[in-house]
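Structures are listed in the sections that come next.
Okay, so chain A shows up in both of these, paired with chain B first and chain C after.
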Partner chain A sequence: MGMTLISAGRRPARAAGRAGASYRRRDKYIRFALPALLVVAAVIVFPWLYTLFMSVQEWQVGSDRVFVGLDNYANLLRDTRFHAAVGRTLAYTVLAVALPVLLGTIAAVFFHRDFPWRGFFRGIFVLPMMATPVAIALVWTMMFHPQLGVLNYLLSLVGLPPSLWVYAPNTVIPALVLVETWQWTPLVMLIVLGGLAAMPTEPLESAVVDGAGPWRVFRDITLPLTLPFIMVAVVLRAIDALKAFDTIFAITQGGPGTASETINIYLYLQAFSFFRIGHASAVVVVFFLLIVALAVGLLLVRQRTKWA
Partner chain B sequence: MVGTRDRRHSRRHLLKAGVGATAFGLGGGLARATPAAARRAQADFDWRRYEGESINVLLALSPRSELLVEYQPEFEELTGITVTADVVPEQQQRQKQIIEFTSGNPSFDVTAVSWHVQKGLFGRGGFLLDLREFLDDPEMTAADYDLADFSPAAMAFATQADGRMDTLPYNIDYWILYWNTELFEQAGVEFPETLEETLAAAEALHDPTNGVYGFVARGLKNANVPVWTSFMQGWEAMPIDDQGQLQTTTEAAVAAATIYQELLASYAPPGVSGFNWNECQTTFGQGTAAMWFDGIGFATPLEDPEQSRVVGMVGYGLQPAGPDARHSGTFGDGLGISAGSDKHGLAYFYSQWATNKQNQARVLAAGAGAPARTSAYTDPEALARLTVPQGWVDTLIASGEIGLPSLPQIVPVTEFRDIFGIALTNMITGADPAQELTRATEEFQPILDQSLAS
Partner chain C sequence: MGVATSALPRRQTVPSALRWRRLGSRLGFLLGLIVLLSPALFVFLWMLSLSLKPDVENTAFPPVFIPTSPTLGNFREVFATSPFALYARNSFVVATAATLLSLLVGVPAGYGIAKAKAHGLAFVVLVSRMTPGLSYLIPWFMLFRALGLHNTLWALIITHLVIGLPITIWVMMGFFEDLHPELEEAALVDGAGIWAAFRDVAMPLARPGMVVAAILAFIFSWNNFIFAVVLAGPDTRTLPVAVFNVLTFEQLAWGKLAAAALVVTLPVLLLTVFVQRQIVAGMTTGGMKG
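Entry: the complex of A and B
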């Protein structure tokens, strides 16, 4: 009995001691993690909470701030210019993802093969990715000039009529996508090339032994096995294209008219040209939800394409 | 005479002005031209009151700001004040100003203010110091500063509706018609004095098969609005009247918009709806446009052989007249002092120096803009040092006599430019001017009402 009592009394004490030590250890860890947590709270959480707070205020710089509830969101629902910007953003995103992914995958398959000077040509191919977007935009602006730009000259060499590129409402989005494609195809190529390098060689060899041709091997083996990597490229490109701002702003500022006004350009105008901070904050919240929804959707698709 | 071919300043011309060319190479230049009385007055004034202190200045990137930075050591030597000047592109400068003014603790003591964009907003926000007290104080303002030397238009720009003077005038920008004298001569066409004649000249000179377009001006939204509002002045009309009522669907507004549409849709290069001033400058500078309507500050690049193919062929003409009046669309900049700064005195000394006669003459001599002081235009040394044709100065002076603000001085002026700019761009691609102006007016009216109510 006494033993029982003693042992019964000791066990909880030991357990309590272990728990105490664990708490102390955790306490130490928390002390190490705390500065990082504070930084995260300061630079991520606080701005977000403040943006949410501002999105329910009506505040134009130079005026008093007034609480308006969900009015800013209701205004967005009625704002046809915002709706058009959303549609334009989605169209731009689809094109600015599809083209680089298609061309990047083709380039990766090409550069995966062995040929002389392969490393050198790979290096040349990835150069656009390393350039500063605004510098690229300025160069492309000159190239797009309808009368003096080199692109129309190149078209004339092959007998094609000149285009107005970014200077006409109906061609501005494809022309901007061209810049995006030129710059970001190398990134897709690098990601897919990594996938090709990691791909097991046995299925390919078996297929060749079984008599499959190059197209069949690509369609039924190479492509399915590289699909997870392509999906990574799609997710990264989609998020990047949705947020595209610098090149569009530097080349067209959303014009002609509003023909290239994406959500980010619209947001910029509201916040930094019209100084409608409450309205702009509501746009930020909606835009954030849109990006999260798209990213989650794409990640779910990516899960399905993972190797078993 | 405006609208004439320009004479370029030769060495003989320079010597005629009574100033040896060698004098300019010795530095100091314009300081020597300061009258003795003014120099004495300057000597009596205690410029070194704030010796050893420092101020921060925020300027927008322009040839005028570059001049201020270039001559800054002269101010530092005169006052013993250390100046840190930030010169950033205009768009970023405007954002920085707003964000820092709103924070209540701006990092700059003096800043350049673009009147046609910021006057209303800064006036309402009370961001800038009222300078009248300093201007009236002989202990703070040097005797030779001469406020009366500023043009009436500049003083009107620098003064708020309630009488506060919260900027010192620095630069006035008049809109003019640049014309390619060689193309006009070849076609036997005279310089157009009216908008109707401008249309006729554009039609006569338009020859796209040979790479020549009759006319070019801004088509890009927002940037294009001053073209239309300046045309409206020909009907003695403004987009917003003195009572704050929109006048953007009137007969004059529609007529001006129709001329804008005709000129840009029929006689401008394809793609003009995406053109800002830089594309227009390139087009005109390459000799592919017969006329270009824009601000007066482009003589320097147009007369620079490294940037232009029309050197010596550029005529500088007054803004064409409308049926009722002839004006010149006018814009401008001043220097203001942060109300939130604790260095008002030093900041005022800097602003006073930056806008003195000597610095204004330097602006003219460099072709960096149109000085707000009238004395700059008769300063013999500045005229002798001109790097741009005399015709440019003649047009500048003539524009000053008919200058009229082209944009309404309202707080939401950027929204005004955005909404009506989209309407104008749509007109270039075929939309009906009356319908577009009606739609834009309906869209802008609530924004104006809200602004006036707050």
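Entry: the complex of A and C
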């Protein structure tokens, strides 16, 4: 068996039992995935092993590497700058999940109807999601400018006072969430739109026959039936919001001060500005566990929405 | 609901109250469409406007929305003051090579996983979706340094497989699972090997899926910033890194900044408009992004 692993083109051996044949064939189909598994091992598994190893070493590039056990993790527990970064990341995530999911669901209901040029308009709607994040970040940086930016001009048109946007510690996180919401609402829209398309039509029709208004139909039928898809959107959004890097880094680099330093930005600075490899590796491990915990938690919630 | 009916030819017998209601729902629909599309349109049109104006107009207050004397000077300056053409070439080479390699490895993998129902392997894809890109970078940075690859495009191509491969496997898995197995079974009964059944029967049928996977892998590789910002040297910079450098050095040269941003993102935007159907198909099934 081991020899033939390489030659995926072999014909299936004529086996005596049907069960045996299908078992062997299943085995052979796995071979199609072998090259991919090799790549995964090289580019994904190797970094993980290296990171786990480094997270128990004290090593700053240029100095000697020393085994320190769990010291890096213990230091993280005491590091108030890291704690603040975790808090900011969670706040950012809550906002950057809630807003796109709310707006994306509304947009999906809108695009679910049939109207002329629907595909074209949907194409325009999804543009933010496909645009290069760094390029977008650049445009938003200019729009956020407190004196010359177009956003404060727009606020003045509707009689609102100007904001300092990303230039003040207390508004920087909401302003960054605005960019994230602008960019990723389309992804939620597409996922929920898929859910609406897969929805059975009978309950809807019978409700309309029973004389239910559009809001009642949405609340009692559309929403419960698409809830599993909305939960998928919530899980994906949560993972992406926790990992958000490009726009935050390009717009503020964690500033002003450390007011927008999320875990990812903190990690970048520790690893590639201060070159504290051991410390940064411990951050990676803790960060990943946080993402997994949140994703698993949300998936459990999703299971419950399926039963409801 | 009102929209579908409004397409019908008007009849004189319709009571006027109903006609007003139809008109109302039609106006409401148009208003909704404008509200939904204006954030996207505003940002992109503002980017275009900034890129076509001299900086005197760009930093005027109140803002000038429509350029009074449109100029391509900002674009000329972008290409004259930095090797933007080289960066564009780097971006194109890296995204294309990473996409092709992802297809080469990912299409058979998607087939194998779908056929063997090895969903444990699909879990690997999910984990890679959850891992922050930065966490790969410390080991890679050290590895590429040790191998002497740290200033080459190869380093970027290999790392961009992390973006393209999961997308490809995920999309192809879905496509191959939906494929009716009878045709391959017939080929197998006729004495073809499973490799031939894959190559001659399943793969041609899954061509639409490969198009979806290739488009998404290319776009997310093109857009990637985090890998190149750490791993690229002066000659191997990709466009997102180049545009970020313009930002840090030229705080108030808004015309040039917007022109650079437009050069980076315009190819992707055009691609999106032309193939939005495939993108929508890919994103709704996979919900993947780099």
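Basically, the second predicted complex is superposed on the first by the 267 of 308 C-alpha atoms of A that agree within 3 Å, B and C clash if a C-alpha of one lies under 4 Å from a C-alpha of the other, contacts with A are read in each partner's own complex, and residues count from 1 in each chain.
The rule we apply is simple: a residue touches a chain if its C-beta (ideal position, glycine included) is under 8 Å from a C-beta of that chain, and two chains touch if they have at least 3 such contacts.
Computed from a prediction, not measured in an experiment: that's the story for all the values here.
**Student:** Tell me which partner A:F46 touches in the superposition: chain B (first), chain C (second), both or neither.
**Tutor:** The second partner, chain C, only.
**Student:** Specify the partner with more touching residues on chain A, choosing between chain B and chain C.
**Tutor:** C
**Student:** Does the superposition put A:A84 against chain B (first), chain C (second), both, or neither?
**Tutor:** In the superposed model, A:A84 contacts neither chain B nor chain C.
**Student:** Quick check on the superposed pair: does A:R26 touch chain B, chain C, both, or neither? Answer first, second, both or neither.
**Tutor:** second
**Student:** In the overlay, answer first, second, both or neither for which of chain B and chain C A:S63 touches.
**Tutor:** first
**Student:** Touch test for A:D246: chain B only (first), chain C only (second), both, or neither?
**Tutor:** Only chain C; A:D246 stays clear of chain B.
**Student:** Output check: A:L269 vs chain B and chain C. Expected answer is one of first, second, both, neither. What do you get?
**Tutor:** So A:L269 only meets chain B here.
**Student:** Between chain B (first) and chain C (second), which, if any, makes contact with A:L127: first, second, both or neither?
**Tutor:** second
**Student:** Quick check for you: in the superposed arrangement, does A:Y153 touch first (chain B), second (chain C), both or neither?
**Tutor:** Touch status of A:Y153: second partner only.
**Student:** Should A:V139 be classified as contacting the first partner (chain B), the second (chain C), both, or neither?
**Tutor:** Touch status of A:V139: second partner only.
**Student:** Going by the contact definition given at the top, which residues of chain A touch chain B in one complex and chain C in the other?
**Tutor:** 147-148, 272
**Student:** Under the definition above, what is the set of chain B residues touching chain A in their complex?
**Tutor:** 95, 98, 101-102, 121-122, 124-125, 127, 211, 219-222, 269-275, 279, 282-283, 286, 288, 411-412, 414-415, 418, 422, 425-426, 428-429, 454
**Student:** Quick one: in the complex, what on chain A touches chain B?
**Tutor:** Within the complex, chain A contacts chain B at residues 60-64, 145-148, 162, 164-169, 172, 252-258, 269, 272-275.
**Student:** Spell out the residues on chain A that touch chain C in their complex, using ranges where they run on.
**Tutor:** Touching chain C: residues 8-12, 25-33, 35-37, 39-40, 43-44, 46-47, 50-51, 54, 107, 110, 113-116, 119-136, 138-143, 147-148, 150, 153, 182, 187, 190-191, 193-194, 214, 232-233, 236, 239-240, 242-243, 245-246, 249-250, 264, 267-268, 271-272, 277, 280-281, 284, 287-288, 291-292, 295 of chain A.
**Student:** Quick check on the complex: what are the chain C residues that touch chain A?
**Tutor:** Against chain A, the touching part of chain C is residues 1, 3-4, 7, 29, 32-33, 36-37, 39-41, 43-44, 46-47, 50, 59-63, 104-106, 108-109, 111-113, 115-118, 121, 124, 127-143, 158-159, 161-162, 165, 169, 188, 191-196, 198, 219, 222-223, 225-226, 230, 239-241, 243-244, 246-247, 254, 257-258, 260-262, 264-265, 268-269, 271-273, 276-277, 279-280, 283-285, 287, 289.
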